Structures are given as C-alpha cells and as structure tokens.
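Quick one: the structure is below, questions incoming.
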C-alpha cells in the first residue's frame, strides 16, 4: 500500500522557537523514536542541528545529550494528495481502534462505507465475515457529512498503525471518496497528524 | 494424552432461548474464541444458524455481526467415560493452579494422591523433586471423600490448560481412581465445565 | 567480560540458623531461582542439606518440599579482587537503571567518569552518541568522594543485569578506578550484594 504522513506542530507549542529560515532535517525514525522514548516527566528538550548531526538535549535533574546523524533528504518530499472527499466522518479514536481489531480477526482488508447517517464496515476472509453498523450518535460517531455515498477498501495493518497514536478521548476525522485514498487526521496535544492511505484494488 | 471436555449451560442463562429441536453445530474453536474475545461489557449476543453458517451478533453502541463457517460433526461425539471414582476432592481453583505451577518447575508429569484426610502430589524430574501435602482444611481443600486411597499420574500441560478457566474463588471437584482417568469439574457463572484426562502410564 | 558476585546475609536475618561448621553448597542458579520464585507471602522456608541434595521446604497453608541435586564446588571459589579505588560514588538505584537504559540506545559499552563534583557517562555507537552529566545533588547522586579522577569503560549488558535487583529507593555504591574493575554494592533487605566487573579494553 502507498501511504503518507504529515505532521504539524505550531511554534507556540515550543517554549523557544529560533529558526531563521526553512530547514529540512532527514532523520532515521527508528533512532529518533528510541531517543524520544527516553524523555522523562518534567524535562525540557532542546534540539540543535550542527555539523550534519542533531543533538537532542533533555534537561531536568541531569543533562542528557543524545546525538544522531542526519540523513540526506535533498530529494523533494512528495506533495500531499488533493482529493475532494465525498464523505467526512468524525469517529472516536477508541471506536476506530476497536473496529480495526474486530476486522483483523477475519481479514487483512477492510471496506469503509459512509452514507447519510451510518458508517459501516465490511470484511471477508477465509475464517469468516464481519459487518458492523455504526450510527451517527454524537458519541462514538460524532458526525457524518456526505455529498454522496462513499466506499473504499484498505489494508488493515496500515490502518492499525495509523490510528495507534491517537490519544484516548480524541476524535479522528476520516475523509472518504469511493476508490480514492483515505485521509485520517487527529490531534496529539498542540500537534496535528495526518495520514493518507491509497485504497486496495482487487486485481 | 487422551482428553475430553463437556460444557453445559442452562437455558435460563440466556435472555432468550429458542431452539425447537436438538442441533449439533461444529465450530472451529480457534475462530470462535477469537470472535468471543471481541465481546464488550454490556453487549448482548445473538447466535443464529443459517445456511451452514453461524452468525454471532454483538449489540451495544454498534451492531457487530461476525459470520463463521460451520464444520461437519455428523460423526457422533464420544460419550463421557463412566468411571466409578474412589476419591472426590474439592479444591480451591487457585490452590490447584499454584500447585500445577510448582510441579511444572521439576517435571512434565504429576502424581495426584487422595487419602482419607490428605491430598498430596509428587513430581520427579531431571532438575529435582517436589512433594506437597495439602490437608483438608475447609479452605484450600474444602473436603475429601474417599472410598479407598486413589493415586494416578497425569500430563501437567493438559492439567494446566484444564484449570486455566476456573474463575478466582471457585472450587474444582476432582474425581480420582487409581490408574483411571481424572474428572475435573467447575462452574463458570451459570455454566458447568467438565474435563476428563487419561492417566499417564510409564512404559 | 569477567564478572563476580558476592552475597552476604547476616544470621539474624534467619529465624533459626543452625550451622555448626562452614559448608559450601554448589547449586544450579537456574533451578534455585525457579524454586525460589514459588515462595508465597507469609510462608517460612527451611533449607536442609542431606545426602548431596538440598531440600527447600515452604510451609504455610500447605507443606511444599522441593529437592534439588547439589553440584561439585570443591575447586576453591575465587577471592574478591582487592582494588584501591580512586572514586566512590553513591547513586540512586533508579538513576543508575535509567542511565543504563539511555546508554543501551546508542551502544553496548559505557564509559563511567567520576570527578570532584560530577558523575558523567559517555557512549558512542553506530546509531549515535550519548553524554550525561549528573551533579552530586544529594538526591540522584548522594555523594562523590574522589582521590583523583577515575574513568573506565564497561559492558552495558553486564551492568544492566547487575543493577536489576536493586530495590526502589536504595542507593548503589560504585567504586571506580581508571581502567580497573568496577565494584557495585547495594543492600537488599538485611542482605548485601556486591558485584565486580572487569573493564572493557578496546583492542
């Protein structure tokens, strides 16, 4: 599956933000996430780029400086796809996570369908079938806005990874159009995270 | 090891029970337990057989329908063995689970022995030996009823699996006769679960 | 890496201690720790040596006797190394455990350095570098006593295993001398545990 992630954090989410021109830093995600996992409650983080390396300094009871090599990202990053979606569903993150787990039991693919007042999923695999109907109830489904019915099929594993980081209680906005890429957006604190996932086409 | 399980749930455990003649449904246990693991607090479950498939519909905030293929069980199921046991031990489920864990440290087999007022176990393996004496104290061993002393040896792994589902606080009834199959019975809510396990005979 | 452990438990930590002459018992650590893991709250433990076997009897609601074969340790056990350390650092066990986890992200080795008022670590690996400065603040570093600066490099995996059993809230005493073995000491209840670890020398 073709997928893409876009992450935005406003400057006011930083206690100090001192960048005089646009910079692109290429980082190994695996290394970065290992380092970030070492952050502790109440620590401040200073990120500095110097000499093709990024220093991440955590300051609290002690000063802890991790330094990691930057990687080449001169090749321009892909633009976000500009799809005009037919349906917009606001779904509780937990509801979507559970729904994905249900689906994983029977298949590796999931069909998402949005109609005027209902969000349904369908899965079909060797071990069985699954069909779920979620009504727009203001709670697990906050709202559904449709131009016309929209339905497309996606890889479950990718979807599972994309919803994983949604904080409990937050809502995920789903942009859906028949046989077009899916757009998933949610907030993590001040930051906004957006995923795109191309539909699965049966050959 | 040869083993067998028998499960009984009274009709009053269902909010609605509508079966006009005896039916046997063959189900893949692995699929069934995956589906059942998706049940949520406060949901109701409707099971319907149709067209050689079983639909399991969970209803709560959403309607979730799993459908799974039935498998052929026309071949008659084995009858439960009719052993006249010499000893009947009522043991706390937790006590039995812990006792099995103790035994697993030294061996893959366990000898269970019931006398008038004592339930003992013996294990012997390459890394050591274990001997435990449990008195009929009205607590971990609620009671022991013996016609005569009974002792037999069983596969620990099977025993471990059989006691796993006993809810905390419940008692397990053990039917024991020298060198005969073991019978294990306990309640899970309204349901009653019974296991049989053939003894291990050293060749 | 060459490492060594020394464990001391005073006789008053036992409710009864009846040993009329020095005895050395050789035990398989793996077996012993499996057996000890079966101890339960409120049980008493009696250890008896007989006929080249050690019986460990747990008494509580039931009597549980594990018996394990002794192994030959006639060959004299190595003496503890007698290093005159240049630096003595008292560090909170949790601080040391976290510091080791930080280091594990970038390397398999860690350089420990003690100066008059600072304890620093340095790591360097394929995925990045780490440098930490811990001041003697009376809390995470209780105190640093130095004759002169001391610095040596150690295997992280061994260090991780050595600090693992330090109870939360306890302090670990580190004896450090440039390019000499490290000495780690902490208390577990009444017992005192001491580890030695030879430095890693880059070839």
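A, B and C label the chains in the order they appear, each numbered from 1.
Note that in this section a contact is a pair of C-beta atoms (placed from the backbone, for glycine too) under 8 Å apart; a residue touches a chain by one contact, two chains touch by 3 or more.
What you see is a predicted model; the values in this text were computed from it and never measured.
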| message | Interface check for copies subunit A and subunit B. Shared numbers divided by all numbers used: above half gives same, below half gives different; which is it? | response | different
| note | Fit subunit A to subunit C (C-alpha, same chain sequence): the rotation, rounded to steps of 5 degrees, is 120
| note | Rounded to the nearest Å, the gap separating the Cα centres of subunit A and subunit B is 44
| query | For subunit A, what residues touch not just one other chain but two or more? | reply | none
| query | What part of subunit C is in contact with subunit A in the complex they form? | reply | 95, 98, 101-102, 105-106, 127-135, 137, 139-140
| query | Which bits of subunit C are touching subunit B when the two form their complex? | reply | 28, 31, 34-35, 38, 40, 61-69
